[in-house]
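Below: a set of structures, written as structure tokens.
Shared between the two complexes below is subunit A, which has subunit B as its partner in the first and subunit C in the second.
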Partner chain A sequence: MRLTSKHIFVAIMLIGAAVMAASASAEEPSARDIMEKNFYVTKIKHMLNDSTMTLTNDKGQLRVRKTRSVNLLQPNGIDGKIMIRFVQPGDIEGTGYLQVQHYDGEDDMWIYLPALKKVRRLVANNKKDSFVGSDFSYGDILQPVVDTYKHTIVKSEALDGEDCWVIESVPVSEQIKKDYGYGKKTSWIRKSNFMEKKIDFLDAAGRPLKTMVVPEIVEVDAATHKWWALKREINNLQTGHSTLLIFENLDTKKPVGDDFFSTRYLEREK
Partner chain B sequence: MLRRYATFIVRYRLAVMLVAAAITIFFFTKIGNLRVVVDPNDNLPQEHPYVVASNAIERIFGGRNLVVIGVESASGDVFQPNVLEKIQRITDGVLEIPGVIRSNVISLAARKAKDIVGTEEGMQVRQLMETVPQTPAEIAKLKKAVYANPIYINSIVSQDARMALIIVDFRSDKSFRGYRPIKEQVEAVLDKERDNRVTIYLGGISINLAWLEIYSQQMVALFFTALAIVIVISYLSFWSFQGTIVPVMTGLISVIWGLGVMGLLNIPMDTFNATTPILIMAVAHGHSVQILKRYYEEYGKLHDSSAAVIESLARVGPVMLTAGSMAVASFLALTVFPTLTIRVFGIFTAIGVLAAMIVEMTFVPAFRSMIPAPKRYEVERERMRDIFDRFLEKVSDCIVGGGGRAIFGTVLAGLTLLAIGIHLLNIDNSLKGNFAPDSQVRRDDTPLNAGMGGTNTLYLLVEGPEPDSIKNPAALRAMEAVQQHLEQTYSLVGKTQSLADFMKKMNKAMHADNPKEDRLPDTRELNAQYLLLYSMSGDPGDFDTYVDYEYKSAVIWAYLKTDSTAVIEQIVADLRPFLARQFPPGYKISIGGGMAQGAALNEVMVQGKLLNVGMIAASIYVISSMVLRSALAGLFVLIPLTLAVLANFGVMGLAGIRLDIGTAAVSAMAVGVGADYAIYLIYRLREEMAKHGDADRALRTTLATAGKAVMFVALAVGSGYSVLMLGGLGMHQRLGFLVAVAMVVSCLAAIALLPAILHRLKPRFAFGTGGASVAAQVQGAGIEVRG
Partner chain C sequence: MTRVPRLARRARLARLAFPAFLASLAVHCSALIVVLLALPAAAVAVEPSALPPVPSPSTVGGGGGNGWFKQLGLGGFIRSDYYSASKRLDDQNSLPGITFQPKALPKFGSWGDAKIEGRITDDNLRRDNRFQGRLLEGYANFYFGSVDLRVGKQNIVWGRADALNPTDVLTPKDFTLLSAKDEEERRIGTYSVKANYYRGDYTLSLMWLPFFNPTTIPLTSPPGFRLIEEKRSDGKWTDQGFAAKLDHTGGDLDWSFSYYYGLDLFPVGIPLTPTLTQLVHNRIQMVGADFAHNFGRFGVRGEAAYVRTQDPDGKDPFIKNPYVYYVLGVDHDLTEDLNVNVQAYQRIIINYQDVFQIQDPAARNVAVLNVIFNQQMDRVQGGLTGRIKATAWNKTLEAELLGVWNANRSDFFVRPSVAYAFTDMWKGFVGWDVFNGRKQSLNGFFQPNTAFFAELRATF
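Right, the complex of A and B next:
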């Protein structure tokens, strides 16, 4: 076959198109890719931490709770096991909460009340329900898998000096909208590490519901690019209620055994 | 001096009229700023402990502006899909109304209506009805869940399941635009659901107050009806164009000025003050009639209109200024009242009367001198003897001839009757009592009260010494004891709710619904841990209406089937010692809520009423003693007023009308208006005595002139007010009736009793130095009256 100028032209065009496509994808991952990376960036193998949750109502009254938690990622890389021990205030000290997550089903949850000396099973909640009286819903604590929402990049912009993608996520079905209670989420995702910086939530009817900001993050595992938010603040725009969650004493080195996450352990009060 | 002034006014009549017209137009444009609002807070004494507690409760828990919607199933119970769907749509609908407190909306379909249920493994907290059940099995399950939570029985569904309730709460903050918009928006939601399957009832304090606003807005129509009646009475009094137009114009202009100043100062009109324009018109009309009567008298002598204008103003002007300033002072004295609405009434009326005086001293003489003089037949007609003259002659005959024995006897008999009435007087405020029995408020209230614990609220605010105090088992036990006491002792308390109900329910659920465990936890820790546990399933705002965020304060809600403040006062008095025994030291219990606020109002009304009447009487005494230059004169001026006040209370007692916010001000009004009569009468008597010194003749002339004018005025005011009886609101009806009574009594006292006593005692301030020692005669009269 003789190489004609026509062939060469087509070849050059094809190579050019391929290069352009490749370079484009290198610069601009798809919205789904970004959200998938965002989903996995906090999936830390195991971690111990102390946290302080400050709840503030619309009249400025506070409830402050200090807890100690242990987290273990399950082999599927999505679900976690969480043990939370309440430390303060004194009248709930020793109260334990154990959650074994199942992203494709209902979570298992137990609570131990020291004043009753009994472990009780909690019936699974709706994803949109409040997590321990905070402005986080259970669905915010265990994020649904990436394809639960359809994601679109709206634009790129700098937020407080950090380059972010602005991504709109809408539920793929009416049922998901109803279950999670959000009509739309708009996320500002840091380009440097895929951690979210801010999320605006609209309720199922499309009214502004909540705004979450994540001002402080830390890389807990450089090798696997895992990050954790040291501070999350969430404001409910409809009730005036807000939640501030601060993590301290993060420890991702200390090994955590699977046997730790049992109701027997829950009863130990420590 | 006044003669020179009157001459000046007549000379520059055109300029005077133009200025007056300009001022009137200016104030007229300001009426547009006027708002009619019913803010129940305006009626309340803000420093009263009940009101302080209610304000605190509203700030923390809401619950002040409740709307209660009852959905009654036409056949069977409410647990059928189409009725439940209506409840859901109504709930969703009211949640969208601006100003609604979303977390305080409760119904079967509300998110905060949770089923707390014990299972083998623990406790489950679920929304009662997230979606409307369709199959019989699902419906049976819902019904079972509802009745397993006693807190919801008689609160969101009736015991017999025939009626479901939706309770809605609204904010009264800066964005609050009155109750009428709330009612209209709720009705728009309900109208879509009304059909033959259900009967929907609407009640609650917000709806009652919305109706109060609507009826107040009726006052515009009533005002013009009153105006029409006053015009007719005026024509019948004087039989002339001038006699008809001048008093009515004086009244109208005074009202415009008064309203204009109100609009200018941005003082809102409320139900109470919506009747005030009629009062101002009546007072202004009264003064105008006195001068007009004198004008005719002078015109008959002088046959020159301008000269008659000057003469009548010079003669009656000082009397009017005296009487007017007394009225202004007495109405202004009402500003010491602790309730804003009465203070506003005092200021508004004072401005109106002041305006009437100014108009009568400027515009009216200018206008009168410009319009054609009365035609001869009009003057003749005015002079013709009519029924008034014949009546007044009889009175004169009785006083001059019979020493007034018949009058004293009648008064004595009347006083005995009134004393009985005053003894029967009942002090009670009932908002619903203000509405007619066939009104929507009263019609819907009966089924709503039957279907739920009660449409009237009484709240007990429990304030602990520090945060988390409410988790103290002793505090929760005390709350439980108070609830049991309320529900068991008083048949009118249909329902109570508090955090204690939820704590018991949770304890039971955590013990696998063992009925023995339907009790309060024994430790503070367990209470705290149950609440934490609840927060893992429920919503953060679920207990917002029962306990504050720091667990420092809690509220016990009691629903009552009556809104009578007399009943509530009895309950509160009885409850106080019981409360003191229940709670541990350091806890403060205050009483609030719609009912308690009514009781506060009542308490203040009793004191305020006495204060109010006493103050008006005192200011009238002081001013009239000063202007008549006799310490005794003031007492005489008080005679018609005292009788009018006694008649007011006595007739209320006899007719079974309660002394409440609406009727409380009647005596103040009656006194303010009635004072004028005595002043006009005494002044005319003095004038006649100065002229010829013949006491009998002076008395006859006084009664035939000033006395006749008093009758005209009382007739106009009384009939003007009686128009209120046509209004839809019981409060206005009673007001109209009582003012009419007060007018009759004070008029008769002024034209019969006062002259009879004056004639018998012949005090120096009225009859000059010719009379005997006044002190001795007063003593004699005292014996005479008693005998």
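Right, the complex of A and C next:
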């Protein structure tokens, strides 16, 4: 085949287009890519932590829940196992909660109530249900996989001095909207590390429902670029109730065995 | 049927059964000793690196302050309550009470910990000097590799069904307790050595109960009559209990098989004279099983037991008959704040005899009480239980309607109640226990225990 000027022109155009596309993608990842990185950035192999959850009602009355948790990421890199021990208030002290996640099905959950001395299998929750009376839903605590929502980049903007992508996420089906209770989420994702900084939630009818802010984060594993929120505050705009969740004593070094997530440890009250 | 030949027959039966019983006991003891000796060896054999660690962050929620208080694991509650009637069938009404229930959970290290919990209560402050103290639990845990050992007074709770548990035959309860959370708090502990061997989702438990501790039943002898109870807690081999359980918790199906050989927690009455009845605890054997599985958003639980007694032929009205007892139930969240639980049960009495046909009135009265307390009034008994629980205001307000309906005699128990957490420390309860039915039925017999109650509780 003889090389003509026409062929050379087309080749130059194609190479140019490819280079432009590559440089564009390096500058601006897609909304899905951003949310996927946001999903995995907190998938830590294993971690121990203490947390304090302060619930405030519209009259300013406070309730405090203190827990001690152990997390273990399952081999699929998506699902986790979590053991939570309640240490405060007194009437639920010693209560243990074990959850084994299945992103493609219902989670397995057990609770141990010290007063009853029984491990009880729980019925799977609706993802929109409140997590232990707080303003976090189970779907907020255990983030759904990326393709549960369709994501769109709205803009980039600085929030409290940090560059963020602003991404709108809408449920991919009516069933997901019903399950999670959100008609739309708008997330401010930090460009520096893909951790969220703020999320606005609309309810299934499109009304403002909750706002969550994540003011403090920490890199818990520099080698794998894993981060964790030290503080999350969520305000329910419809009820005036709010929840502040603070994590302390994070430990990602101490090994956590798979056997830990069993009734043996669930039944230990301390 | 007259009393003297009957007692003579019982004594003869006991003599005949004794050598067989001793042989059986020897087998049980040998098996238990072999397994208890084998467990630590199995534990040592486990590769240490394969053992899960016991994560224990040094402080909780930032720690600070009250360090020794937390180190000892001190806690408990104090409650003040009012009941419009007692649960002793003693015609006492309008009872203001106070209860202090402290506990300590000291931790020794990664190898063990302990728990001590007691109750000091006066359920009727209008009467003097009625404070009673009771050790509810007092045990130490020792952790060896794959084996945990618990020694001391403890609550051993069996069964995955809710509230009705055919296999729950190890730990006594105090059915006279006045408490808004009586289902949780009426257990009074049993002295036991319990060894658990863990492997994956499986747990093998072996228990030895050297001292018998019976259930307290809601009964007070009427004027002119006397009740004496043979509690058999002097530690003789013949009064000891042995139990084993294999449990699987994990995956999508939880299940267990269990076995108990020991004394019955519930007594039966034997009329010694027309005005004197002795409560005795006979030996039973229980073989049971249970399961729990979720079908989508429906939790299904089942539990069944076969109990063999010392009267397999059912000829002695003063010994409980053998029976089969099973429960099947479903649990479902109708909404985020509304849970419904429904269970059906059936109890089949083997070699049933109608005690209402006994000619001797004194013997008949005692025999009728026996079948009421042991729920053996009819050959086949069935019924339903239900619980509707609603929560509001971020789960600070709880309303519950609990009911049990026995189909044979149409008697029922209903408890509507409301609980509100004023703060994390203070919680209030109001409710109404309603027992109703024909006199010759379980809940009809307990009709005088119908009571309104209110309680204020501070947990620390």
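One rule holds in what follows: the second predicted complex is superposed on the first by the 266 of 270 C-alpha atoms of A that agree within 3 Å, B and C clash if a C-alpha of one lies under 4 Å from a C-alpha of the other, contacts with A are read in each partner's own complex, and residues count from 1 in each chain.
As a working rule, a contact is a pair of C-beta atoms (placed from the backbone, for glycine too) under 8 Å apart; a residue touches a chain by one contact, two chains touch by 3 or more.
These numbers come from a predicted model, not from an experiment.
Asks: After the alignment on subunit A, I want to confirm one thing: do subunit B and subunit C clash, or do they fit together?
Replies: clash
Asks: If we overlay the two complexes on their shared chain A, which of subunit B and subunit C does A:Ile111 touch? Say first, second, both or neither.
Replies: Only subunit B; A:Ile111 stays clear of subunit C.
Asks: In the superposed arrangement, does A:Arg121 touch subunit B (first), subunit C (second), both or neither?
Replies: A:Arg121: touches subunit B and subunit C.
Asks: For A:Pro89, is the partner it touches subunit B (first), subunit C (second), both, or none of the two (neither)?
Replies: Touch status of A:Pro89: both partners.
Asks: Look at A:Gln143 in the shared chain and tell me whether it touches subunit B only, subunit C only, both, or neither; answer first, second, both or neither.
Replies: Neither partner.
Asks: Taking the superposition on A as described, I'd like to know which of subunit B and subunit C A:Tyr97 touches: first, second, both or neither.
Replies: first
Asks: Between subunit B (first) and subunit C (second), which does A:Asp258 come into contact with in this model arrangement: first, second, both, or neither?
Replies: Touch partner of A:Asp258: subunit C, not subunit B.
Asks: Just checking: does A:Gly133 make contact with subunit B only, subunit C only, both, or neither of them? Give me first, second, both or neither.
Replies: In the superposition, A:Gly133 touches subunit B and subunit C alike.
Asks: Considering only the touch criterion stated at the top, classify A:Val64 as touching first (subunit B), second (subunit C), both, or neither.
Replies: second
Asks: Going by the touch definition up top, name the partner, subunit B or subunit C, that contacts more of subunit A.
Replies: C
Asks: On the A-aligned overlay, A:Ser187 touches which partner chain: subunit B = first, subunit C = second, or both, or neither?
Replies: Neither partner.
Asks: In the superposed model, only one of 135-143, 189-197 or 495-503 in subunit B has C-alpha atoms clashing with subunit C. Which one?
Replies: After superposing on chain A, the clashing stretch of subunit B is 495-503.
Asks: Show me the subunit A residues, by the header's touch rule, that subunit B contacts in one structure and subunit C contacts in the other.
Replies: Common interface on subunit A, subunit B vs subunit C: 55, 57, 61, 63, 89, 91, 113, 115-116, 118, 120-123, 125, 129-130, 132-134, 241.
Asks: Under the definition above, what is the set of subunit A residues touching subunit B in their complex?
Replies: Listed in rising order, the residues of subunit A that touch subunit B are 55, 57, 59, 61-63, 86, 89, 91-92, 95, 97, 109, 111, 113-116, 118, 120-123, 125, 129-135, 238-239, 241.
Asks: Spell out the residues on subunit C that touch subunit A in their complex, using ranges where they run on.
Replies: Residues of subunit C touching subunit A: 50-55, 57-62, 73, 75-77, 105, 107, 113, 115, 141, 148, 155-157, 160, 181, 183-185, 187, 196, 198, 200-201, 203, 247, 249-252, 254, 292-294, 296-299, 331-333, 336, 391, 393-396, 421, 423-425, 427, 457, 459-460.
Asks: In the complex, go through subunit A and note every residue touching subunit C.
Replies: 48-52, 55, 57, 61, 63-64, 66, 68, 70, 87-91, 93-94, 106, 108, 110, 113, 115-126, 128-130, 132-134, 241, 248-249, 251, 254-260, 262-265, 268-270
Asks: Within the complex, which stretch of subunit B touches subunit A?
Replies: 59-60, 102-103, 119, 121-124, 126, 468, 471, 510, 521, 523-530, 532-533, 535-541, 548-550
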